[in-house]
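Next, two complexes with chain A in common: one pairs it with chain B, the other with chain C.
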Partner chain A sequence: MRILWRILLAIGLPVVLVAGWWFDSAGSEDFYQPALSTIVDAFGRTWTWEMFQEQVFPSLWRLLAGYFLAVLLGVALGALIGLSRSSRQVLEPVLEFLRAFPPPVLVPIAILLAGIGDRTKILVIVFGCVWPVLLNTIEGVRARDEVLSDTCRTYRITGLLRLRHLVLRAASPQIVTGARQALPLAIILMVISEMMAANEGLGFTVLQFQRGFQIPEMWSGVLLLGLIGIVLSLLFRLAERSLLGWYHGQRAGQREF
Partner chain B sequence: MLEVKNLHKVYDGHGRRVTAVGDLTFSVPEGQFACVVGPSGCGKTTLLRVLAGLLPATSGEVRVQDAPVTAPPPGLAVVFQEYGRSLFPWLRVRENVELPLKAQGMARAERRKLAADALAAVALSDADSAYPWQLSGGMQQRVAIARAIAFQPKVLLMDEPFAAVDAQTRADLEDLVRSVWQRLGVTLLFVTHDIDEAVYLGQRVIVLSASPTTVAEDLTVDLPADRDQLTTRSDPRFTELRSQVYARIRKVKAPASEGAPA
Partner chain C sequence: MVSVAARRPRVTGRRYRSVTLGALGLIGFGLVLEVAPRIGVVPIDFAPPTSQILVTLVEQLDQGSFWTALLRTLTTWASGLAIAVVAGAVIGVLLGSLPILRAATATTIEFLRPIPSVALIPLVIVLYGTTPRSTITLVVYAAFWQMLIQVMHGVADVDPVALDTARSFRLGPWAKVRYVVWPSALPYVMTGLRLAAAVALILTITGELVIGSPGLGKEIDTAQQSNEVRTVYALILVTGVLGVLINLVIRRGERALLSWHPANRAEKGAA
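On to the complex of A and B.
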């Protein structure tokens, strides 16, 4: 019963908003803002299995490749910087400088260097997504518990065991926070890079529709991007739940006592 | 075997020098159960951290099993006061107990057996697949004790391990520590601020003075080896010893200055 109620609460507002859009736009004569029913109609016609294979899957592949590379890189660099004071002193100014670039500005440069293939787009996504993961990992690794560190030292838990059980697991709540912030960034950068330089992909397709005055189709592409965002964040939550079960359990326990 | 010779520890930071341990000399022979008591802020925890190799001494020498301590010595285990922070919350109880053994490269089957025996010794066999935060405070501290048992140390240090549990649990844990010590035959240094606890547990009570710390009194507890919360605590000799320790602590506390870290 409670689960049902929670689901109702979660989807209540979206349902109201979509219904509002549906009735408000019904019978719309505006060429640029077609009725939602027209858009939904176009959605069914446009996004066929073939379209998915040709346009959507390549985008998703770049999105996921870029995202996971960014998380990997962010965690590895973050652990290094969080653990070693000297590496922090050497790397921090450079990282601050690099972080100041808006990632889309890299697209023209990356095109010159790497062409308009997958590599350019993955590079741009990595460059944009690595920062929240990196900064949160550094904070998490630096904030590891002193008593737990002492425990590792007295029981001679060193090397990889220490890295895994003390450094990374202790930082995992922060790492997950960073990864959660990076996820929408990855989608944004995927679309932008495809709008600037591509001959396929979701961003490219939406732009093509707009330029070809296929307005309902364009809207349907935007809708699809939104849906992809929702699905990815749901998947993220599932992964988080299994990874951070201990963390939420511990916090729930602390509230009880 | 534990030896502390002219140990001196000064914390130096932010332009302020704090002498935590003045000049400390004592030794604990193989297999002895020694309790260290002293007024709060007398450097008990500092002493323990130096002994454990977690903190360098400013001067003087500390030896564990005849080797000078420069890093955490092998064969030494510590049970910390903050049980909630010394267990890995992302590992189950059994995995927590096994982790130090895994770090030694011990084979899985042997690890399992040692962990199971240690958990049985603290009466936590049923909880081996729970997470630490699903257990009560006293149970968590028992997990930490089981981890120390499974490690099979020659020397066991305990830093006010029962300061944060309720009185009833505390009495049970005291008896548990006594029985573990009798079974394992380890050298045990037990730091506490509770005089009754020190006298009840130890074969010997070392009373520290207020900062700068020295040994104010070194007392042999000549109570029978079989101790019991009811009979031992009502033994006239017990009362006599605890009054002696109490008087000593009151005396060392009186002229002291406050403000040194614990």
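On to the complex of A and C.
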């Protein structure tokens, strides 16, 4: 019974909402707000396998390339800066200043500097997403446990071993927090760089539908973008669970005492 | 006591050092951006040196159109943020204090939250056109979730002993929210406000750039279209300064509102 109740709680509201939308919009005469059945129909017609190959996969590839480059760069620079106190003091105000820029303003600059190719979009994503990762890594590296640091020194663990098992391990919860903050930014930047500077890609296609008043197709594009956001955040959570399992276990253990 | 007194000058000395180093860093950064285009590391036509950007910025400050755009951006940002914060706080308190509601809405929230707000851009264009209302809708959607999640966590995190005490003193529901729930949730609320304000600025500029609702973002787009490269950079610099100022003001407010909070008191004691 309890399991049934929990399932009901979990899917009850979404089912009610979708059903409400379906029946409320059924037979809609409003040009801009078509019936959900029309949108679903358009979804199947619009997002075919060819469409995915031509418009969706290139976008996703740029998104992932930019995102992973940003995480790598953020962790590498963050570890370097975090380990040295004076470089931290010199660079922190600059980094805080750069982070305060709303990342979408990068798109016009990137267009000026690199045109409207793949490189521009990846550059925009990297430059927009690197700050949360970088600043969180610096913070995580700085705040590593002193006893563990001393233990490492006592056992003369240095170099790469120290980096891997002490520095990055200690900073990993913070790194993951930064990476989590960067993910929605990456999606935003992918979409708007394609809306502003592209002749292909998901953002461009959806905006084209709007300009051509293909309203059901446009709604289906909005749904697809939403689905991509949901799937990426689920994937992130799976990755986090396997990467940080030790940390959540430790925290839960501490809470019990 | 002696050791505390002896330590004090060293601490201020350290702070002085870190402020100087930070200022040096900023100046150095400006110098690099000044020199790099001049010696040809980056094309000077597309990446003007710092001094030229600053001159253009000063020229902009003289123009009425700049101030109108800035005011429009700030209005859009503030109205979107205000709606999101109030809605997020009210719904967050409701969901946070009623576990049954929280359980019933959990999956819906998990599904709606990751939907990128920019996905709504085509929708708001066909519904509201290139008006500030379009941009405000995006801002509200993006900032609302930041606030909601923090407030929900904050309200759910209230000390059970404090709640029991409130019940022993027979506090009414309103008094309970006012004197027990709200103060314990306040640190979370302020974090939510800070995150929401940053996201709101991002979406304000995005909306103005992409949708073309009036404001700094639209001015940047116009300058880029007409190839006024220095104006592009000067206006972008303004958005960055705006971001820094918003962050500073909210952190100030956080410190003032939460001066009673143990985390802040401990910090002060240690400094």
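The rule is simple: the second predicted complex is superposed on the first by the 244 of 257 C-alpha atoms of A that agree within 3 Å, B and C clash if a C-alpha of one lies under 4 Å from a C-alpha of the other, contacts with A are read in each partner's own complex, and residues count from 1 in each chain.
One rule holds in what follows: a residue touches a chain if its C-beta (ideal position, glycine included) is under 8 Å from a C-beta of that chain, and two chains touch if they have at least 3 such contacts.
All of these numbers come straight from a predicted model, not from anything done at the bench.
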Partner chain(s) touched by A:A197 [first = chain B, second = chain C, both, neither]: neither
Partner chain(s) touched by A:W219 [first = chain B, second = chain C, both, neither]: second
First, second, both or neither for A:I230, with chain B first and chain C second: second
First (chain B), second (chain C), both or neither touched by A:E92: second
Touching partner for A:I175 - first (chain B), second (chain C), both, neither: neither
Partner chain in contact with A:R153 - chain B first, chain C second, else both or neither: first
Dominant toucher of chain A (residue count), chain B or chain C: C
Touching partner for A:L134 - first (chain B), second (chain C), both, neither: neither
Footprint overlap on chain A, where chain B in one structure and chain C in the other make contact: none
Chain A - residues contacting chain C, complex: 6, 9-14, 17, 32, 86, 89-94, 96-105, 107-109, 111-113, 184-185, 187-188, 191-192, 195-196, 203, 206-207, 209-210, 215, 218-219, 221-222, 225-226, 228-230, 232-233
Residues of chain A that touch chain B when the two form their complex: 145-148, 150-151, 153-158, 161, 165-166, 169, 172, 246-247, 249-250, 253-254
Of all residues in chain C, those that touch chain A in their complex: 17-18, 21-26, 28-29, 42-43, 46-47, 100, 103-108, 111, 113-123, 125-127, 201-202, 204-206, 209-210, 217, 220-221, 224, 229, 232-233, 236, 239-241, 243-244, 246-247
For the chain B and chain A complex, residues of the former touching the latter: 49, 52-54, 72, 74, 76-78, 80, 82, 85-86, 88-91, 99-100, 102-104, 131, 133-134, 147, 151
